[in-house]
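Note that chain A is present in both complexes that follow, paired respectively with chain B and with chain C.
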Partner chain A sequence: MNKMLGNKKAIAAFTLPVLFVFSLIVFFPIIQTIQKSFYDWDGLTKPIFSGFKNYAELLRDPLFYQASKNGVLFAIVLVIFQIGISTLLALALMNPAIPFRRFFRNAYFIPAVLSVTVACQLFSSIYNPEFGMINKLFETFGLDWQQDWLSDTRCSLLAVAFVSVWHGMGYQFSIIFAGLKSVPDQYQEAAMIDGANRFQINTKVLIPLIKDTYRICLIMAITGGINAYSYMQILTKGGPGTSSHTLTYMTFRSAFTIGEYGYGCAVAAMLILQCLTATFLINKFMRSESITY
Partner chain B sequence: MRKRSFLCVALTTVFLFCLTACSGSVQNVDTAKVSESAQPETAKDSGSDEYIVLKLYTHYDSGDTNKRVEYCTEKVQEKYPNVSFEIDPYQQDGGQSIKARAATGDLPDILFLNDGSILPLAKSGSILTLDDYIEKNDYTSGLSQSAIDNCLYSSDGHIYQFPVNGVQPYLWYYNKDLFDQYNVKVPENFDELLTAIQTFRDNDIIPMALFAKEPWVSGTFFDAFAMKEAPGGLKALSEGTAKASDEGYKKAIHKMKQAIDAGIFQQGVTNADFDTAFALFSSGKAAMFQNGGWCITDINKQMDDNVDYFDSYPTNDADYTDNNGCFAGGGNAEGYGVAANTADPELAMDVAALFAKAQAEYDYVKNGLVNAPFNTENLIPEVELPDMSKKMGKQLSEMKFTSKNVEMISNREFGTAFPEELQKFIVGESEEDFIKAVDALVEKAGGQ
Partner chain C sequence: MKKLFIFRRKKNYFTIVLLILFSVISIYPLLYLLFYSLKTNDEIFYTNPFGIPLAPQFDNYRRAVQLFDIVGFFKNSMVITLFSVMAILILALPFSYAISRMHWKLKNTVSFYLSLGLFIPIQVIIVPLSILVKNMHISNTYLALIIPYIAFNLAFACMVLSSSFSSLPQELEESAFIDGSGVFRTFLEIMIPLVKPAISTAIIFATMSIWNEYTLASILATDQKLKTLPVGLTSFVGEHSTDWGAMGACLVIASIPTVILYLCCSEQVEKALTVSGAVKG
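Now for the complex of A and B:
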């Protein structure tokens, strides 16, 4: 193994092509996007340099603040529900007393296998105000609280966010479950010997030991929420009005619908900044010494 | 060591080979009827025996549109037997893919254009101006006056496409059976419309099924009210020559609010697509439906003679009928244009002109669509024209089109933001907030 890692030519031969491709399809477009954000450009004719005009306009645009707020809200829903429910499910499956654990482990991942379109079409039916499952359930239980889930400005974003919660929960569950499984049993046994109950073992032993795993899950959930796009494009087209716009949707709208590519690039640049800031803050506050068993 | 180096090089080669296999675009093109001995050469002089294949971007997604393309190809081949087409199916994406292709210099020779995408392509020099061709060939002598006035010229005064449609109103269809069943008078003014809405609601019938997920649909609904008070409709707002706080618009918006609060639409209206709304109407769950005149044939197939359309939107005051002839819709500069990078512009223009005329002919003869841009006196439709088509055919010349489809106006900022504001209004925003928001939008983007 050490000989292999010492073979710099082998390392270069295997990593350089991938790094090259990754730079070409990730870094280069990001740099181009940032560069084009300083131009007035309709995507077809020659771009005209405009300095910080796009950014100044963006900071005066109420839609930018609404989209940013929606992104943060989306991220909070993902963190609370996606990570929260995944944690509960993963901890439950750690309990050997639960029957059919393998079946449940596979079943929880099934939504993640579905395409976004399929998940959105499914929930579009569930959310239907006249015939949808949720409103019909409320009706069955005698509740008068039927909602127009996707056509109400107050709840359309949350409705869309919950589709993402359901759809992506499989990934978070897998990561958290793998993290929990990697904790050696002796820590739990030691805690049991000391008189800890199940709840205390989970909260005081297991969860703190997988802090690094949660860091990754948080980064995925928060950046996924901030730049959510596909769910609202399919379910609500950013509506009603602009109530379910996020920054990614705003980028799409500016560039491809209105034809202001420079402005769209400025929105994308702000989105990158927000994601990087979130990642930096999460890494800063959740970094800990790596645990070796 | 040698073995390891060899393995290293071999694996890298395999990896690079896999990368190259992933490259290259996947073209989703179909080939229309091509002569047996046709060779896929680029377009050259049409007088030669050489077979010419022109790339054509057109609707090619269903049984009828495919038959239409075959029909048009045959018509083109009557003059140019050596010309055939490589079909590139039209994408319903607001012109985004065609703009991307223009940016990369990859436009098809002949392409279907709509009003919203013509000007950006023209400005970048991606499509040819057809002014000289039109004049040299006296093209307009075959067009109806309404098509010349409404469907030929783009907003910059030039011609970039050969039209396939004439003027087309957006209509309010109604289910005659439901009106009879619930003893509702077919409304002729706003008060009667409110009465009809209330009666249908009391009987659990949706008064109007609307597919407001599409931006243009809510814009058309707005125009149906606005044009009665201010004929310029949303077009005048986009041009900055009117404001939502003007008296006529305020009155229209107030009426819209009354209709919305009375429950004119189905629940989830801003999330409903065409299929959902049409299903509600054709199954008898909704009494009215809004769509273009092109829908007459489809509606007739589903509902026979149980449907008609209002001669005028019932959105005016009873004692004010001055603008009853105003209809949303009208004409759009929509049809077949020619890419600037085509090898033989003269040939491509001639072929595009023939194709456009053949398409309009097909729509009239085979489908009974009466809004052809050409004079149709010498054509005999092969289908029994529905009564609504005959009615529309007679009324078209009297209809006034003074506004425009919100997706076709050249002011894209207004055309994008206005339907968003309308959606908020439809789902419950107050009149005052809506008027304020639209005025701010006109201030910011009007006249662009």
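Now for the complex of A and C:
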């Protein structure tokens, strides 16, 4: 059997196509991004080596700091609302006495199957200052608090962030719910026998036991927030002004609008760095001995 | 097993209110969309913004199909999704089998290499990728999107398929070889049919992620004839932004495939999308 399963020709035939496509499209471009960030390049003429010039310029660029700040803010909103609310809902739904659980699960998940475009266009009309759903709601209740949700520098980023929360929450909810369900019953039973009430069971037993699930959710939410692009591209085009710029937006703008490919690559490299740092920190703080049941 | 009393909790009204509140928040925007795709502008803006349309305006849908090239975008999305998913399966099945069942030295290294693909956000590769596409002379063709989509979804598909292959007993291949079947035949006729659930998971995940994908499509397929649904929808926001009814109709048409797919196989879809979360990292 070893001869069969060790058949070199078969192995090569099976694996090389995938490795080729993957390396070509995913791996090499990453190397290229990092490499090109050290060059001055407009995409057409020959690139000129410029060392760390792009990075120095980047660190002096106020847009870079604003975009990074926006990315972090976005990530924080995602973490607090997506993960926080999903946890509450998942814990609530664990109670088997609640009717129509299937319905609730479907309801929370449906926004996640929509395209980003649909979600953004929908919210673009909801946020519309004259006719949108939100301002109309305020009107109906007689409140005088209509805002220009997407065109006001103070709240445009948050408005976009909440679209992302709405859109992605179903995903986080499903992961957390699956994690909670996979905790064997005996832990809850033991806690109950020891006299814990529901709240204590939730906070002291269940949540700590799904730490690994949370690690993944956090990584997803934080890197999703730092990388955010499509939401602001469709809703506000980075505006008004630059109040909803993120790093990815900067990359695209540098590379495709202004034609400074080298600079764009430098921004992308910083993006990779930020994501890696975040992932590393999360892994470090949430590292526990592997929880085995 | 007798359910212990822990499972017979009383209804907690606070949690029920909470659950209902959030399901309203999740679903009402969609209902709002559905409703306003069937209303006149007047109704949306002034007379009946929140309620059920009084006189459904199916004309909005007719206008949507006529004014916007919805059918064209739909076709593009379908072609690209179909070919990408087929290619993903054709490439990923043999690869996952080789990774999980065959014996060779670099197995684990290669597996790890591919799993890096799960962590890499598309945004950082866009710049070199667009140049690569240009250099390969496939820009503004279907291939410009199909090939990258294949590459990006391979990592997940391979992961799901290889874990499924790993769970099959070794005796299967042993008996197949004893009966005289070669590697290729065993793979095609015995192993593949046994991982059908994982195959459907991979298909569902790839279909959803490719159909809804926006970032890559907006950069690599700029020709009006080639745009996929997500990109095409954004391109006519400026032109017809005052005709909310027709816009709404477009959005509904664009969402129907994925929503129907989800409603039919909700368990499968959720499982597909959460496997990546549960196993990643």
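Convention: the second predicted complex is superposed on the first by the 270 of 293 C-alpha atoms of A that agree within 3 Å, B and C clash if a C-alpha of one lies under 4 Å from a C-alpha of the other, contacts with A are read in each partner's own complex, and residues count from 1 in each chain.
Heads up, the rule we're going with is that contacts are C-beta pairs under 8 Å (C-beta built on N, C-alpha and C of every residue); 3 or more make two chains touch, one makes a residue touch a chain.
Remember, predicted model here, so these are calculated numbers, not experimental data.
Taken together in the superposed arrangement on chain A, chain B and chain C clash. With both structures placed on the common chain, the touch criterion links A:K237 to chain B but leaves chain C unconnected.
Legend: residue contacts after superposition of the two complexes on their common chain; A:A13 is shown touching both chain B and chain C. Between chain B and chain C, the partner in contact with more residues of chain A is C. In the superposition on chain A, contact is made by A:A97 with chain C only, not with chain B. Using the contact criterion defined above for the overlaid structures, shared-chain residue A:Q188 touches chain C, although it does not reach chain B.
Contacts of A:V21 after superposition on the shared chain: both chain B and chain C are touched. Applying the stated contact rule after C-alpha superposition, one finds that A:T251 touches chain C and leaves chain B untouched. In the superposition on chain A, A:V72 makes contact with neither chain B nor chain C.
Contacts of chain A with chain B, set against its contacts with chain C after fitting on chain A, overlap at residues 7, 10, 13-14, 17, 21, 43, 124, 130, 256.
Of all residues in chain A, only 1-2, 4-8, 10-11, 13-15, 17-19, 21-22, 24-30, 32-33, 36, 43, 85, 88-89, 92-93, 95-98, 103-118, 120-126, 130-131, 133, 136-137, 140, 166, 169-171, 174-175, 178-179, 185, 188-189, 192, 198, 213, 215-217, 219-220, 223, 227, 229-230, 233-234, 248, 251-252, 255-256, 261, 264-265, 268-269, 271-272, 275, 279, 283 touch chain C in the complex they form.
Per the touch definition, chain B reaches chain A in the complex via residues 4-5, 8-9, 11-12, 15-16, 19, 94, 96, 99-100, 102-103, 120-121, 123-124, 126, 213, 266-271, 412-413, 416, 420-421, 423-424, 426-429.
Chain contact summary for the complex, chain C toward chain A: residues 4, 6-12, 15-16, 18-19, 22-23, 25-27, 29-30, 32-33, 36, 44-45, 49-50, 91-92, 94-95, 97-99, 101-104, 110, 113-114, 116-117, 119-121, 123-132, 147-148, 150-152, 154-155, 158, 173-174, 177, 182-184, 186, 208, 211-212, 214-215, 218-219, 229-231, 233-234, 237, 244, 247-248, 251, 254-255, 258-259, 261-263, 266, 269-270, 273-274, 277-278, 280-281. The touching residues of chain A, when paired with chain B in their complex, are 7, 9-10, 13-14, 17, 21, 42-45, 124, 128-130, 148, 150-153, 235-243, 253, 256-260.
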